[in-house]
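Both of the next two complexes hold chain A, though its partner changes from chain B to chain C.
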Partner chain A sequence: MRSVTLEVKSVYKQFSGVEVLKDVNLEAASGEVLGVVGINGAGKTTLMNIIAGEVALDKGTLLIDGEEVTVQSPKDAEKFGIALIHQEPVDFAHMSVAENIYLSDLPMMKGLPFIQRRKMEKQAREQLQRLGSNLNPGSRLSELSIGGRQQVAVARALAQNARIFLFDEPTSSLSFKEKQYLFDLIGRLKQRGATIIYITHFLDEVLQICDNVCILRDGRVASSGPIGKYKLQDVIREMIGRDLASFEHRQPRGSRRELLRVESLSAGTLVRNVSFSIYSGEVLGIWGLMGSGRTELVRALLGLYPVSAGKLLVRDGVSMRQISGRQLLRSCGYVTETRHDDGLFLPQAVWWNISSAFLKAFEKQPFFAMDVRREMDAGKTMAERLQIQMPGVTYPVRQLSGGNQQKVVLAKWLLRQPEIYFMDEPTRGVDVGAKREIQKIIRDLVSEGAGILLISSEIEEMMSLSDRIIVLRGGTAVQEVPYAEFSKEHLMSLGVGNGSET
Partner chain B sequence: MSNGFYLVFVILFLFYTFSSEYFLTVLNIRNILSDAASIMVICTGLAFVIMTGSLDLSVGSVAFLCASITSLLIKAGQPVVLSLLFGMIAGIVVGAVNGVLVALLNFNPLLVTLGMMIGLRGVTMHLTKGWQIYIPTEVKKLAIDLAGPVQRIVILALVVIILGQLVLKRTRFGRYVTAVGCSGLSAKRIGLNVRAIRFSVFVVSGTLAALGGIIAMMNMGVLQPTLGRGLEFIAVAAIVMGGTSLFGGQGSMVPGTLFGVLMLGIIENGLALLAVSPFAYPLVRGVVIFVAMYADSLKNSRLAIAR
Partner chain C sequence: MKQPAVARPEKRVLNPRLITGVLIIVSFVFASILVPRFFTVNNFFNIIVQTCPIGLMAIGLTFVLVTGGIDLSMPAIMSVAAVIGAMFMKSSGSGLGGSILMIAAAMAVGLFNGFAVSTLRMIPFVVTLSIMVVGSGTAVWLTNAESVFGLPDAFINTLTGRIGPVPVAVIILAFFAWAAHFVMSRTIYGRRVYAVGINVKAARVSGIRTTRVLLSVYVISGFFTGIAAIISTARLGSASPAMGSDALVLDVISSAVIGGVSIYGGTGTVLGAVVGAIFITIISNIMNLLGVSYYTTLAIKGLIIVLATGLDRLRRRQD
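Let's turn to the complex of A and B:
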């Protein structure tokens, strides 16, 4: 007997006149995983926030076990057994695992204001083991990886007797192994009869672990039903309303020029004697597994990581000239892996961010004054070109969705019009629609003659965007793979290393 | 700038106007402004440091040091301009030392500037032997002569704070300062020299603290051994009340800091007019700051819920 625990009926929500959810209906049953997918702006996060009590709905009803409920705060949600597991779990980094799990319900000694530490740790260990986790309840949270912190968040929810779990993009920062742990954990929750709602961008995961799927588009449910009904193409089509075409590799205009030459670069243990060149009009993919040194390589190139040996040369007219990493940083475009930490000035306006890497261009002589009007115009033009969706250029960047934030990062570098770009996971944490747009921007840039070094963990993206790929393993450049030889198996095996190099 | 703050400002102003017949007179307003001139200048410099997310607690002692150097030199018969120059140079040097320690050697700014605050006061006391130092009336008149409706130092202070605002909001340097305060990491990734920016704001702070101290000394016509004592906290309070975040990256000098300074000046002035016991001054200051900040936080929390 399928028992529906959570029902959402005709929910409507608007923010400052923008309709985010228009008449959304869904239902989730115990012992099942419901996947919720949709591009950014489709309303998934808002829907989850409404269910979890962080945002109030304007119209519509929520029913739990058939009875109408009002969830107006996270405390209400907790009362009804709803737990929201955030993408980057919010927790107390300096406290222990056990303390984090039992913080709202610490076991106290009778009559005394002291915590029963041993009992708490024992209970925590039991909870964790039931989840299949072998975390030490005494470890400090800051020592754990994101996967570990997720486990703690789930354990805490269980300690508060949650029955409905909402996972918001849980796998964006997880390694392969941690992903498996997570799926295992979800499986165990299923067995215990929990109701699970799973939001993700990674459609293959939806096909892998979800029993049902609900596809949101433009604030409405475009389609929903058991997962068996859908193929990957179908889901994509429902999400964006049309089929995706793949990229053609066009020939770049003009002749091929060497833009950057890296000779024998070494830095720490993760970059060992790496040499390569970047040419105009091409995307050079750097592929490797986590820990192979890709990000470190780029950081070392740009002088952000101490270099122990090696030379950098850039094109200067007809010949190559040696430069330092810092000089390269000032003249190139560098899209980082972690836009939240180091790619954006979150409280500042969109236009402020867009012009921030090229302020010299907007200086009005004679008094070193900035020409704010021109900056805002430039920001608006860029935003249109990249199709950034936002209330306006004067709004703080932190109000934008992930995909649009990433576009602001790109806009910032595009304004500099550099010849060379370094892009580290440019479509991470970005919805399918914006991902597509960003990929197109990348291809457009190379067709205009730029040279782009691309790092991406998504092998399909690597293969579809790159003109050639260099595989890194343990800090060394193992092999260069030309376009004609691209294949998932080949790249994977080079990355893992089992003697298939030529 | 928050509405809560403006509201308290207006209420206070009206309260004093009705409580004392001397409050809304030209002479009194001039006094408020000339007394505020010194701290206005100091706050401008300090605001730059706070905008980068750092802190400079030594400003009171730098003001004292530089005012002492200047007054000692004047008393010794040196030309005024030279005395002023040396006083300013001392401020620049101290600022540079702070800058090196905090920005280049990565010492904790709180500890460095706190130590500087305590140490400099000791050094200066040694220089002045704890005496009051009177300066000749002609020199004092240089500062407090009227230039139009208000004294020269008031004009100077207003020029400084307006200039500070323009530099902060309208020049590349000001943008860099805001960027560093907003996100040091992001600033680094764009290729900004974060250390240089952090260093330079300390130099600005030291220089303006020197100027502020000299202004305070000339306003009174005498160097008091208590000059600048506790000033840093008033300065920080004025800046924060004016809407600048202690985390950096947010805030303005005009109208923000300007009104913060004026508010505190008016409180003090009104209390004096009402013949309130001087021991109550800090208490009243504290209460008003508390009320203004509370009103501000109410507004912020309402915004948060609406989102």
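Let's turn to the complex of A and C:
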């Protein structure tokens, strides 16, 4: 018989007036994996934090084995056997695996303040082996990969008699092999009768390991039930709440005006003698593996990275004029790879961020005062155009979801109305819905005549957005691939190289 | 990295802004009990006049702090600038020339600090601490540790005089407080200073010349140090190396931090810093009236800055 271990009943939660969870119900049974899916901002993380006692709920109840419980702190959660396994577990990096596992209950020598190290390591090894892990209990946690740390976190939870395991997007930082280990580990937990809640936005994983699924959308349960009931398309539709209009195929674009010419750009050992042009109305993809110099290429040509040689020319009426990287930086749009690092002013309001790269436009003469009202209006217009979901333009960017933050970055550059955009991973870490919207923005910009240089690690995205792709390897442009010759295999093999070239 | 849809709810144990307000009110109440006729226009002006040097330096420091830097050299540079200017006044008899020289000298040192921080990428704390020592040393060396007297009467009378009922020093502080506040809160330049303080990398990508902004705030801090030197010299009727005591550094930093300027950069206003300076002045006065010894006063002020930075930390956690 199916025994329900954890029940969430009509839970409500709001933050600063925004309803994040509305009447959420779910059931998780012993020996089963419940997948909780939803786009960023759907409320998955908040729900998990409520169950794990990190956030208090406004209304609703939690039941464990049919009994109502109040979980107000992570300590309470531990008492009830609830363990939240973080995406990138933060533990005591300088302590050993065994110490991390038995941290709260170290085996001591009778009456003496000394740890029985041998015994502890033996127990730890057994505990890990039960999970199918062969980590060395003596190694320091800092030497382990993220996957290894997750194993340690699970082992610790087991040592503390946890029986409800919450995995919050556990695979986003894992390699393929580590992922398989994790799935194996989850399988073992299942066999031992544990209750597992698995949050993700990778749908293939849900189909692979979950028994039941609960789909959240805008803080409500959009649909839930046994996984056998769903096809991949169904899950996607429930997640984003509308049908996927498949992309119209790109029609050939009109005038190809050369907007930017890069001549023999070199920057240290990372960019070597790269030349290309960006034309209006096209997306130029720069494809390469990590370390191929793709990000450095863009940073170098914008003067953010020291250049050892090369020349930049931009369109100036009918001719081309030479400019510096810094000048280009001040006139183009540049979506950086990591929005938190160098894309946003997190504590500041949405409007403040949107106008931050185009302040001159809002300077009022005389006295050089900023026309804040006009800035806010411009921010509002942009936010509407890009459908940024937020309580208002005065809301701090930090409190928006990843997808909306990324749209703020785009809004900032769109406001400048540049002809040339550099977009480095424009859809990284955003949900399916926002990703589509951002891709649509890119298409719209190009059809309005902008020239876009695109970098993406997702080869499908590269192929669907680009008109031609330059493949970089070891800082050198290996080949330019025209649209007609796009294929995953071709691009991959060019990116990896066959080893004979340098 | 995944972000929650919205931030965690604030754990509002204490509201730091409220605490600052309460502290200021408490100090006023104390002052009014201890000082007869505390709430008179004249006494109010007196407090502001006393606040002047600290207040002016706190204004300059606000620019630096908002970028995430610090300037410990201000009081030491104030005494060097004052001594140089006073020596010039004494020999030439020109109050105006001496005043301009004070500002120029202080700005030149600011330019050096700024260059070291922005272009040479040196750590502001280390640079300005060293320059503070250089400054105090130079001031003593130039004067043989003696005060420079014999300044032009016109210079002293103008700056210690009144326009109607209002002391000139009060007008100067009010004007600069207003002007600096306007620049920081309403102009493109101010916006850039905050942008650099919040996220220097994002500022650079947004096309802001971050090196230039960093350089400029130290020059501005030098400018206000120069103005503070002029006011101090006029009030004392002389310039001496002892003007910029080490304790003054603490007063200036406490003023800004109590006034809500974060030492972590990115937040705070000029007016806040000036209010902080008034608070610090009142505290000093009260302790003076209570007969608290100089060294005990120092200890208490030290504790105040620890408290203020603690509040700053709290405030940061809430944002």
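Everything below uses one rule, namely that the second predicted complex is superposed on the first by the 322 of 502 C-alpha atoms of A that agree within 3 Å, B and C clash if a C-alpha of one lies under 4 Å from a C-alpha of the other, contacts with A are read in each partner's own complex, and residues count from 1 in each chain.
Just so we're on the same page, contacts are C-beta pairs under 8 Å (C-beta built on N, C-alpha and C of every residue); 3 or more make two chains touch, one makes a residue touch a chain.
On a predicted model such as this, the values are computed, not experimentally measured, just so you know.
In the three-chain model built by superposing on chain A, chain B clashes with chain C. With both structures placed on the common chain, the touch criterion links A:43 to chain C but leaves chain B unconnected. By the touch criterion defined above, A:402 reaches chain C but does not reach chain B.
When the shared chain is aligned, chain B and chain C each come close enough to touch A:334. Of the two partner chains placed by superposition, A:25 touches none, neither chain B nor chain C. When the shared chain is aligned, no partner comes close enough to touch A:479: not chain B, not chain C. Of the two partner chains placed around the shared chain by superposition, chain C is the only one that A:169 touches, whereas chain B remains out of contact. Of the two partners chain B and chain C, more residues of chain A are touched by C.
Legend: residue contacts after superposition of the two complexes on their common chain; A:360 is shown touching both chain B and chain C. In the superposed pair of complexes, A:429 makes contact with chain C only, with no contact to chain B. The residues of chain A shared by its contacts with chain B and with chain C are 304, 329-330, 334, 336, 341-348, 356-357, 359-360, 363, 368-370, 372, 412. Of all the residues in chain B, the ones that touch chain A in their complex are 166, 170-176, 178-179, 182-183, 185-186, 188-191, 249-250. Contacts from chain C toward chain A in the complex involve residues 1-9, 182, 186-189, 191-192, 194-195, 198-199, 201-207, 266-267, 319.
Touching chain B in their complex are the following residues of chain A: 304, 326, 329-330, 334, 336, 341-348, 356-357, 359-360, 363, 367-370, 372, 412.
Within the complex, the chain A residues that touch chain C are 15-16, 18, 20, 40-43, 45-46, 49, 54-56, 87, 168-169, 172, 304, 329-330, 334, 336, 340-348, 356-357, 359-360, 363, 368-370, 372, 396, 398-402, 405, 412, 429.
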